[in-house]
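Dropping the structures in below, format is C-alpha cells.
In what comes next, chain A is part of two complexes: it sits with chain B in the first one and with chain C in the second one.
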Partner chain A sequence: MGWAGPSRPNRTDELGRLSLSRDCGKCGAAAVAVAGGLGLCGECFRAHLFGKFKLAVTSNAMVRPTDSLLLAFSGGPASRVALQFIHEMRSKAIESWDASNSQALPVFGIGVAFVDESIMCSKPKDEIEMAIEDIKSIVSGLSAGVKAMHIAPLEDVFSTESEDGEGRLKEAVDMIGDDTGREDFLRCLRMLSLQKIAMGNGYTKIMLGSCASVIACHVLSATVKGQGYSLPADVQYVDTRWEVPVILPLRDCLAQELTLLCELDSLKTQQYLNSLSNGINSLVASFIERLREENPSREHTIVRTAQKLKPFSFNKFSADGYHDFLPSRLRPKFQKVDSDESTFSETLCLICGSPFSESELQNLEGTKHKAQKNIDLHTAHCCQSCNFQIIPSSENLNEHFFSLLPKLWTKRVDTISASHSLLRPNLVIFPCFQMAAIGDPAGQLALVHEEEQYTSGHCKANSRVTMKF
Partner chain B sequence: MHLTLEFGGGLELLLEKSIKMHKVDVQPIDGQEKVMMKGLLSWVKSNLIKERPEMFLKGDSVRPGVLVLINDCDWELCGGLDAELEEKDVVVFISTLHGVL
Partner chain C sequence: MAPSCNPRSLWAPSVQPSGRPPLLCPPSTPASSPPPAGRSTLRGRRPTQAVARSPENPPLRAPRRHPNIQQQISVKSQLPMDSAVNGVRQPPARAGSRLCTRCGERKAALKRPKTLEQICRECFYIVFEDEIHQTIVDNNLFKPGDRVAIGASGGKDSTVLAYVLSELNRRHKYSLDLFLLSVDEGITGYRDDSLETVKRNEIQYGLPLKIVSYKDLYGWTMDDIVKAIGLKNNCTFCGVFRRQALDRGAALLKVDKIVTGHNADDIAETVLLNILRGDIARLSRCTFITTGEDGPIPRCKPFKYTYEKEIVIYPYYAILCIYSPNAYRGFAREFIKDLERLRPRAILDIIKSGENFRISTTTRMPEQGTCERCGYISSQKLCKACVLLDGLNRGLPKLGIGRTKGVAGGDSDTGSFDTVRLYKLTNYGCEMG
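This part shows the complex of A and B:
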C-alpha cells in the first residue's frame, strides 16, 4: 500500500501515531474518510467499498443471470449498503443487456425481505408502525429494480392451521432461561423466516448484509460458547446448507465504513426496532470495540485468522446449474461434481443448523438405536450448544418446548429418523478446533489453534478459551 | 458559537426525548479563544446527555464505536479531539452498533 504522494508531511500525535494526510490517498482531493489506513475522498471511499462488494460477488460467482435474489434488509447501515450496491449492479447489468446484441441471458431479479420482530420488543405500537413505514419507504425510494418487498412478522414461522404464531413464539422464548440462548434462538428464527419467504416466493438466493465486524464478533462469541467445530460454516462468503443458499458479499467491509458511507451518501437507515443485547454477544462486541481503539484493523485480523479453519463442503456452490455461466478461472470455487464433496452429507442441528461434530453424531446414532421417547430423538438432533443454552433442562419442560417449535424444524426429525444411516464408510472426521484468543502486551491479537476433542458448552473449567483485556 | 449537532445509530436515545438534531450555542472554555472538539464533548455531556453517559464518552473522548464527523469529514482527518470548530459547523455522532446490521 503506497502513498499517492500526499502534499503535506504526516504529523505524529502525542501517542506517536501517524496522523493522516488530509488529501485523498488515491486522487488527491480533500479526504473525508479513513479506510485501510488511508484518507480517502468521498468518491474514492465509495469506490473502495463498492469494489470490495463487487469482487466478493464476482469472484465467488454469487449471482447467476437467472437468479432471483432476496436481500435481507434489517434497516441498519450494512444491509442498507448491500441493498444500494446490489441495486446498482443490477442497473448496470440492465444497461449492458439493453445495449447488447444478443439478449439471450437475462438479468437477475431482486426482492427485499424485512423480518418484523417487533412482537419481541416492548415499544409503543404507533412508533413501531412508523418505523416499519420508514423501512417500506426506504425500499420503495429506490428506482424500479426491486420487484417485491416482503414484510414477515417473526411469529409467522410458528403459525399452524389452527393457531396464531404469537402465543407459541412468546411461550417458547419465555422457556429459555439464558439471555444469550434467547438471542441466538431469535437469530435462528430470523433465518428460518427468511428461508420461508424465499421458498414461498421463488427466490434462489438470500443475500445478507453481514459485514466483517459482525463476522469477527461471531468468531469470538462462537469460540466462547464452545461452538468451535461449526464456526467455519458461518463465516464464509457462501453457505449452501439451507434450502435457499445464503451469500455474504459485504464480508470484507467494516461496520464503521458502512455507517460512514450511509452518512456521506445520505442513505437512510431505520434502527428503531433494534433490541438491546445483554449476554455474551454484546460483551464480545464491546471487547472488539475496545480492540479497535488500538488498531482499527483488528476485525479484519480476526476474520482472516478464522479463514484458516477449513470450511465445510456446503460452503461452496455445487457446479450444477452453473455450467453455462462459469468461467474456467472460477471452477476451483465450486464443489467438484464427480467427487463425494458434492453430496451433502452433514447432519445439522435442528435449531441453529450447525454441522454435527463426531461426538454429536455418535450420540445421535446411539440415541436412534435405543430411543424410548420422541423427546430423546429431538434433543439428540440438536447440537451441544443449543442443548446447553436454549433447550430447557428438565424433561417435562423440554418436551413441551419442542411441541412449540416451528414444524419446519421438528418435522425434519421424523423424516430423517425414518430413513438412512448417517455414517458413510469413508466419513472424514474433522478435527475440532478450539481457539484461544490472546492479547499480548504489544497489542498483537493472536489466535492460537489447538486441536482438542469437542467437549462441552460454555466456558467450562477445562475449556481452553481465555481472553485477556 | 453556533453549531448543529446530530446524533444517530441509537445515541439519540441518551438525549432528552430522543431528539436527533440540536442547534446549540457553545462558548469556549475559560481562557481559550476557540471551541475545540474536546470542549464540545464535555459540553455535550453536561448539557445534552440525560442518561448513561458511558455509552457516549470514555474519558476525554468518545466511546469506541462512535463515529464522529465534522462537516461530513471523519474527525480523525481534522485533528480529532484537538480539532478547532468554527461558526455553523455541523458535528455528527453515530454509534456503529454490532449485531445484525
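This part shows the complex of A and C:
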C-alpha cells in the first residue's frame, strides 16, 4: 500500500487486553486479540472478522454480480475495514472471473462516497482540507478496483436551482432547538446525501459500516427517544425502504475489534472530522461504554435483543425479480425474515424514514381528513420523535422550516396532498411511499416516473408498485 | 432519630439506626421547622380560595392535606431545580417572578419535573392527582366494590400511593375497599423501621393493615439468610420470597387486586435492563400496567406514568435498604436520571418504546403451571421460592442461584426485571439529593 502506516502498536500493550490465553486458540501463535472466548493471533483474528463480514454478505444475498456498490466511507475504523473487506471480496471475484471459461458474468463494482460535513464543524479550513485529502489518499491507495470516489458536501442536498445550499442548511439547522435533534437531523441528511449520490451515479446498493457497537447505541437511543416501534427497521442487515437499498454487513463486529484490526493491519483511518456531541446520543454512548467495561459482550446482547423484535417487510430483498439473469448456481440464498406482510406498506416519516406506529398513523389519517393547510400534513408526516426534537414548535417557524427542507423529502407529501382528492378515501397508504423492494436501478427509475404519473393524475392500474386497499 | 422532622408528622421518617446518618435531608431542610400539628391535622386545610378545579374534578369538600406536606413541599420543591443546575436547559428557577402557567393566578412555586412547566403548588397537587386518576380510569384498573391491597413498604412511593389512592377513592367514588399489605423480611434496622411508618399510615388513613413475615411463611428472616449465605445473591432470595409473600398476604385478605408503587422511572429502568439482558419475554410485559391477570391476583401500577421526582416532592420521604447496593441497577438508574436532566420526557418515551416494541406473537413465553410443593404459580416443577428454601434448609444456599439447567427459572443476582422488587429496596437516597 502506498502510505507509511502508523508504527505498530506495542505488543505488550495488546497482550494486556488478554484475559484468557496468550496463545492463539486456532493456530497456537502468540495471541493479540480475544474474540468469541478464544485468544487469536493477528492472522486468525483477521480471518475471524472477514468470516463474519463474508457470512453477512453471502447469507443475506447482499451483493449480486450485477450490482454496483456504493460504500459510505467516513474515515473511521468501521468503514475502513468495510472498504478493505469488500475490496478484497471483489479482487477474489475478479480472479475467479479471469480464470473462468465463460466470463459471461460481470463482477460487482465498488464506488466510495464521502459526505463532507465540514460545514457543520468549526475546525480550521486548511486542516479540513488536509483531512479530506487523507481520505482521498486512503481510497486511491487501494489497488485498482474502486470505480469512483464521490465527495459530496452535505449542503448539496439543500441547494435549489436558484439558491446555494449552504445558507439554507445553516438556517434550517439553526431552527432546531434540541441538540440531539440537530444531530439526528444531520444524520438523516447524510443518508439523503448518500441516496442522492447513489441515484445520480447508478449505484444499486449502499453499504454502511455500522458495527454492533454503533447499533447497540442506536437501540438504546431509539428507545429513549420513544422510537421503539420503528427500531427493528434500523438493526437488520438489509434495509430496502430507501430508493437505493442499504446493507449493513458489519452488524456483528464490535467497534473495538475493528479498531484493533486497523491497528494490526496498519489500515489508515481519518477521524479528524468527527464532531463531538452533547445530546442524548453521546450520553447513551458513554453509558454503553460503561456497560462494556463491566461485560464486554453487552453490546452483542443489546443488538440481539433488538433482533428479536419483528423486522419490517422491507428488511429483506424480495425474492421475485431479484435474481433475474443469474444462473441458478450463482443465486445467493435468502435469509428468512420473519414478517407477515408480503408487500411493503408502511408509511414512513418524512425526515427520518421511520415506519409509523399505530398512533402515528391514526394521527396522520385524522389530519388528512381535516387538514387544509399543507403544513399540517407535513407535520403529520413526521414521526412523533422528529416532531418533538427536530421540527420547531412555533407554527410560523414551522412553515418556513419545511420550505427549507430538501425537496426530495417534501415532494412526497406534496404529491399526496395534490392527489388526495383523486384517490379513494379508504386508501391506506399512498403508493409513492411504498418503495418496492427491488434491487435493480431500472425499477428505481420506474418508481420516480410513477411518482410523476401520480402527480398528473394518470394513475395506471398496472403500476408495478402494489397498492393496498 | 431524624431530628429535622416532626416524628408525629404524616410522612416523617421513622427512627433511623443511630449508626447511619439521616438520609436525604438536604441542608435546606429547616431543622427547626415547627409543624404545628399532630395527627388531628390530617384533616387540615389546603388553601381553598382559588383552586382551579378541572371539570372532571368537581370540588367535593375542602380538599384536605396535612399542612406538613405543604411545608415540606415549599422547601423540597426547590429540590428538582437544585439538582437541575448542571442540567442543560434549566435556568435556576426564580420562584415568585412568574405566574403559574396553569392557573395564571398564583405565583409559580416549582418547575414541574415532568414537563418543566412553572406551576404553583396547588396546581401541582391537582395535576399530580388528576394524572393518576386519569391513568386509573383510562386503564380500567378497578371495578366498583373491588378489594384492593396496597403493597406498602413504608417507602415514599407506597406511602404516597396509599394516600393518593384513598384520597381519589373518596373524591371520585371508586368505592374500593383499600387495605395495606406489608411484607416483613426481617431486616433489622430497615424493615422494622419502615413497618413503623406503615403502621402509622394504617392509623392515619384508616386503612386495615396486614403484615406477612418471612419468618412465618418460610421460617427464615432475611437476617438469618444473610448469615447463612453472605451478602452476595441475597437479593435473589429476598425478591423471590417477597413476590410470593405478597401474593399469600393478598390471598389472606381476599383482595381482587394488588397495587404497587412502581413509578415511571422504575418502568423505564426495567425496559432498559431487559434490553441489556436480551430478555424478550419480560421486555414485552414489563410495560403492562396490569400484570398477572391470568394468575390468582392481578397487580397493577397506578404510578406507571408518574415521575419519581414528583412523588418525591409530593411529600418527601425515602429510606435505603441496607442489604441492597445493587450496582447493576444503580448504573441504569443513574443513566435514567442523566437522561431526565437532558430531556424530561425521555422517561415517558422509554415507556412508550417499551409498549410499542414489535414483539412477534410467536415468541415463546414461559408456560405457567403450579408448584408441586406449595401450589404457587410457577413455570417449573417447583417454584423458585421452594427451590431456594430447599437450599437454605439443606444447608446448600447456592441451590437455585445462577444458571443451572433444570432448576427453576430466573438467574443471576440481579433477580428478575419483570415486576422488579415488589417493594423497592433501591438506593434512592443518594440519587435524589
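Basically, the second predicted complex is superposed on the first by the 376 of 469 C-alpha atoms of A that agree within 3 Å, B and C clash if a C-alpha of one lies under 4 Å from a C-alpha of the other, contacts with A are read in each partner's own complex, and residues count from 1 in each chain.
Please note the rule applied: a residue touches a chain if its C-beta (ideal position, glycine included) is under 8 Å from a C-beta of that chain, and two chains touch if they have at least 3 such contacts.
Nothing here was measured: the structure is a model prediction, and the numbers come from that model.
Student: Would you sort A:P77 into first (chain B), second (chain C), both or neither based on which partner it touches?
Tutor: So A:P77 only meets chain B here.
Student: Just chain B (first), just chain C (second), both, or neither: which does A:D134 touch?
Tutor: neither
Student: Touch test for A:E346: chain B only (first), chain C only (second), both, or neither?
Tutor: neither
Student: Can A:E399 be said to touch chain B (first), chain C (second), both, or neither?
Tutor: A:E399: touches no partner chain.
Student: Which partner chains sit in contact with A:E166 here, chain B, chain C, both or neither? Use first/second/both/neither.
Tutor: A:E166 sits against neither chain B nor chain C.
Student: Determine, under the contact definition given at the top, whether A:R290 touches first (chain B), second (chain C), both, or neither.
Tutor: Both: A:R290 reaches chain B and chain C.
Student: Which chain A residues come up in both lists, the one for chain B and the one for chain C?
Tutor: Dual-contact residues (chain A): 290.
Student: What does chain A use to touch chain C in their complex?
Tutor: Interface residues on chain A, with respect to chain C: 178-180, 219-220, 222-229, 231-232, 278-280, 283, 287, 290-291, 294, 298, 301-302, 304-306, 308-310, 338, 357, 385, 388.
Student: Going by the contact rule at the top, pick out the chain C residues touching chain A in the complex.
Tutor: The contact residues of chain C facing chain A are 88, 271-272, 274-280, 283, 328, 331, 335, 338-339, 342-343, 345-346, 348-350, 352-360, 362-363.
Student: Residues of chain B touching chain A in their complex?
Tutor: The contact residues of chain B facing chain A are 8-10, 63-65, 67, 69, 72-74, 76-80, 92, 94, 96-101.
Student: What does chain A use to touch chain B in their complex?
Tutor: 13, 19-20, 22, 30-34, 39, 42, 74, 76-79, 187, 190, 209-211, 213-214, 217, 255-256, 258-260, 263-264, 271, 274, 277, 281-282, 285, 288-290, 292-293
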